[in-house]
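In the two complexes below, chain A is the common chain; its partner is chain B in one and chain C in the other.
Here is the complex of A and B:
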């Protein structure tokens, strides 16, 4: 394909992001027309921002790639990515906002009154953030390789540098408006080519998907057929769905956005909007996977299925039109990498700075280090470590890699948040035990899978998608240990529960030990 | 899930690093232990001090059932008796060790100690027990004293009550007394801080009230409807400023009140007062002590306009900086001597800096010393006051 359009699109997206980061968004008003109440972020705008940050490489390229290579079962991925917000809406959106917490470690400290659990949560936030950042860099490398033929490490480096510039320059931070625009940019980038491709497909007489490598026939389009070499597809599907449903609430860059909501009610309305916006986006991604089977039954040698979205327009219409559409998709994909990566970097760097670096910096420099410097060091660390990790591994399916981050989040933060919000007998020891065991099991399963590959039969299924057993074990451990240590239930639990579930503006009488 | 050779390599490297780090850590610990604890006396000292310090962390709460339960284990280790108990003046706090069926009797055993404040040794006659192999035959009870009052008792139970056990129990009770007193001191410090916070309660300046009413009065004949609007603004402003309950407010509420304040000031100064606000909507939900920005704006109005020809500009900025919000108030007025400002912030008399020292003290009180005011000023160069507020603070959470 002609690479010029693609390069132009990628450069434009990068320049836009860096420019907004460097100059900030100056919306100055004088008192005459300034009313604070009217300036509060509306649920719709905040929902767009969450969507903009949430739709990552896995959504933009990964889902189509998985459906292309592994068939109908993978349709659960977009469903799971969206339905996680339903769980979040029903269980924790409003109480979390009322708790006043900005991050999960904040919530843990507020609810359990324990700095140790706070530190444990901080480590987990960083781990999940890095696991989630990895595929963003891989996706960027892949996209740039498809568009220009550049080596895989270049794309990741570009994303790392642009994100670092905009975060360290201090401009971008988490400007809601910018991230909201990113959502609409991504939606445009994915839906315009989809409509053009739809026209082409109809005009060419609706050709059926072709599956070359299939011995029996029909498996690609049939659910739970095990196409793509997956044993026990039923277990695998349910386990994936569980991880995605329960993992969303533990994602660091999603949680911090809820702080922007003025109150619990707005938090609920925001979540409802997110579900709608994500559903609209995910209508389009599976289409690319199916059309991939129509126009690209055989991928060009050496390319990963994740690149199918970018190759499709040129394959369907080898003219300038195809090139322009490919460029649009490449630009949208880069917008996805940049917005998700910057959101994650800010969250990870914030936690890294506040809970791990700042106390040490304080000790080393005797309190001379400024907080800005701490944040910058944290940002550099927060993005370079996952970039370093991503350098070698460029061929794990993007959506699966993100799935692993969800599995870890579901096995650690989900029990903490759900029990923390709804169960007054949660004790500090119980929460710590749950976090420890859930985190260890999930990380062990994830690393075993990637290190030694997927063994055949049940062990493979259990290890490659651990949520179905790690999440219940974590819940069980947390509950049993909490019941066994009733004297370690934090003193202010009753008060905290009233704060979480009572209406806003309720003034509690001041009591000791609350 | 497809295994990847490259990712495998990366993960191998990571795992190896982690394992190496763990080994190094374990090795240093072993070496440190070896180096320090070759001598049995050293080891005994170390063990005793370590146990005592662990008990001390629990006792920092004071004599509460949960603190006593957690500290009890360590206290028993220190004494080495089969069982110990802790009670306060009204109830048994904890029983640690064997023979817990005696738990109900602790208060009866301790009655003398609590009344007289002297150590009591109880023998077989006082401790009737039907269980043949129960080790609770003798007891030593020593008082826990705080601020010259007996607040509880430490009881050691065992088969015998030797002089050694008696003296050890007395010493340990003395040590527990110290910890309890420390806990009481800590509580008093918190109370003192809260009282100080109440005393520092923000006040609106009398100058402003006077000037404002005078400005409104000047509109009563010429523009009665404007005067009415301004009076209503003033009513809302004072309702906010004089409110009761809740030391904290959100940035949104504080800014709304500042808008009222600025409208009242604009009635007085007209076009001479130029105001620009730049507020990131993400930080509107931040909690902060109420009336902590208004005095700074009032300062800026004074210094930006009074004693100066022509219009003055005031910029109020609230920025989102990750886990904190930064609030900046700037004016282009006459500025002031940095030394004077330093003295005001150090607790000296306020002079013409309305409430600057007060706001600084309250911010430090609530958020810690990292979060005080930063003032940049010089004669004739305007003033810039800034501070940072964390988006989440455990202090605010517990007093909401």
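Here is the complex of A and C:
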């Protein structure tokens, strides 16, 4: 592949991100601008921004890579990523927005009136955020390596620096514009090469996918075949689906976006737009996995399946056209790393700042430090730690690594949010017990697979995709402990229910001034 | 007040105008249901609980329908192995369903939910304001 076009595309995307970020600097003046764009973002712009933020390295490169290497079962990843927003819409979108909190820790404190649960949530937000940031850096390293041959640490460093520049400069207001632009950039970058490849495929007489490792067998194309070394594929399918559907609502960068909606109605409409935008993107990604089997049955030595998207155009058409399309895909992939990393950094930094740094900064400077400065310090911390970890950490497939973050989110924040919104008898002790048990089990399972690899048979299946047992256990523990401690149900639960479920059109006398 | 010596004879006598239902029970100031909702009285609780229950029923219905469709797919692949290999328009059925056909269904479920949830809220507001 000629690397010049690719470098131009990557530089252009980075410059665009930093440029729109700087433009946002002139627009964002207050702390509220910084965190939530002063809550004045229209549903369509916000939906583009959510889509832009959500389509990460896992979506852009990882899904095609997994379908390429493991076959039909991996089609559940894009389905789960999309259905996650339906679950979020139906269960918590409007009430979450009406709660008027910035982050999950804010929601937990408002709903349960307990600073200790707030701190527990803060730790989980930071943990999930860092777990999700890791694959973004790995993906960037991989993409830059494929395009230019640069060592893996360079790509991650570029992403870290550009994200820091734009986040530190503009905060949420600028990030909203950047993300919205990046959704359309990513959609263009994935769909134009897809149409060209479709033309090439049709003109070449629709060659069939080739699977070298199983000549004659059809395991790759069949669901539940266990192709690619997946033990117990039926369990894996259901457990992954559960993790993706319930985990979306617990991802820190997803939740923080909902506070930029003006009200609960807008939150619902935004979410419904997001589902359409995601669907438009995800119909293209599996095609790359299939065409990878057509044109690249054998990957070049030493390259990970996650790079198949970037290698495909040049393999299909070894001309300038192929190089230009590969460059477009490389640019889109960088847009994916940058936007997801920005969103995660904003939310992790917000929590780090509010719950850990600001109280300390306040004590050191006697209240002289501006809150925006604290946020900037937090952003630096929030992105450098996972970058450091990505250099040290073992390499897992991008979409699998993201799947682990979903599993942790589904086993901790999902029960807290769902029961918090709909169940009056949720007690402080019950919520804390659920977060503790769910978080511990999911993190243990995840860290075991990441550190020691996947064991064979049932233990491997249960550990590598734990949601099917950790989520029910968390719900059960939260409910049973809450029922056992009715005296620890917070006093203001009834008032909170009015706040969460009261329609926007309802004017309560206090706000009418009567 | 100046005292007049003589009343003009053509001035009509003062008449007291009163309500014909002077014996009716006097009602206190109107108390809107919204006050009950804000003050968490038994009545307000009742209204809010009915709204939350209606919303929850809608959410669970949409979720259950989605779950039946999604969880039914692997089950169908498992129980009827022919579905794994049958081709529609030369594409294997599972690829067609999971790669494209699920998305319009999910989108339709989302649109349905948003419309119904907004309708429930409009009806609730109308009910409360009417009281």
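Miscellaneous remarks
Note that in this section the second predicted complex is superposed on the first by the 468 of 514 C-alpha atoms of A that agree within 3 Å, B and C clash if a C-alpha of one lies under 4 Å from a C-alpha of the other, contacts with A are read in each partner's own complex, and residues count from 1 in each chain.
Rule of thumb we're sticking to: a contact is a pair of C-beta atoms (placed from the backbone, for glycine too) under 8 Å apart; a residue touches a chain by one contact, two chains touch by 3 or more.
The shown structure was predicted, so the numbers you read here are calculated from the model rather than taken from an experiment.
Looking at the shared chain after the overlay, A:487 reaches chain B, while chain C stays out of its contact range.
Touch criterion not met for A:267: it reaches neither chain B nor chain C. Applying the stated contact rule after C-alpha superposition, one finds that A:57 touches neither chain B nor chain C.
Contacts of A:350 after superposition: chain B is touched, whereas chain C is not reached.
Applying the stated contact rule after C-alpha superposition, one finds that A:72 touches chain C and leaves chain B untouched. Of the two partner chains placed by the overlay, only chain B lies in contact with A:103; chain C stays clear of it.
By the document's definition of touching, neither partner reaches A:178: not chain B, not chain C.
When the two complexes are superposed on chain A, the residues of chain A that touch both chain B and chain C are 507-508, 510. By the touch criterion stated above, chain A contacts chain B in their complex at residues 26-31, 34-37, 39-41, 99-103, 106, 109-110, 170, 173-176, 259-262, 346, 349-350, 353-354, 371, 375, 389, 391-397, 400, 447, 449-454, 464-465, 487-488, 491-492, 499, 507-508, 510, 514.
Residues of chain C touching chain A in their complex: 32, 34-35, 37-38, 40, 44-45, 48, 51-52, 55-56, 59, 62-63, 66, 70-71, 74, 77-78, 84-85, 90, 92, 94-95, 98-100, 102-104, 106-107, 109-111, 113-114, 117-118, 121-122, 124-125, 128. Chain contact summary for the complex, chain B toward chain A: residues 1-4, 6-12, 14-15, 65-66, 69-70, 245-246, 252, 255-256, 259, 262-263, 266, 274-282, 284-285, 287, 320-324, 370, 388, 391-392, 394, 396-400.
If you check the complex, the residues on chain A that touch chain C are 72, 75-76, 79, 82-83, 85-87, 89-91, 94, 206, 218, 221-225, 234, 237-238, 241, 245, 265, 268-269, 271-272, 275-276, 279, 282-283, 286-287, 290, 422, 494-495, 497-498, 501-510.
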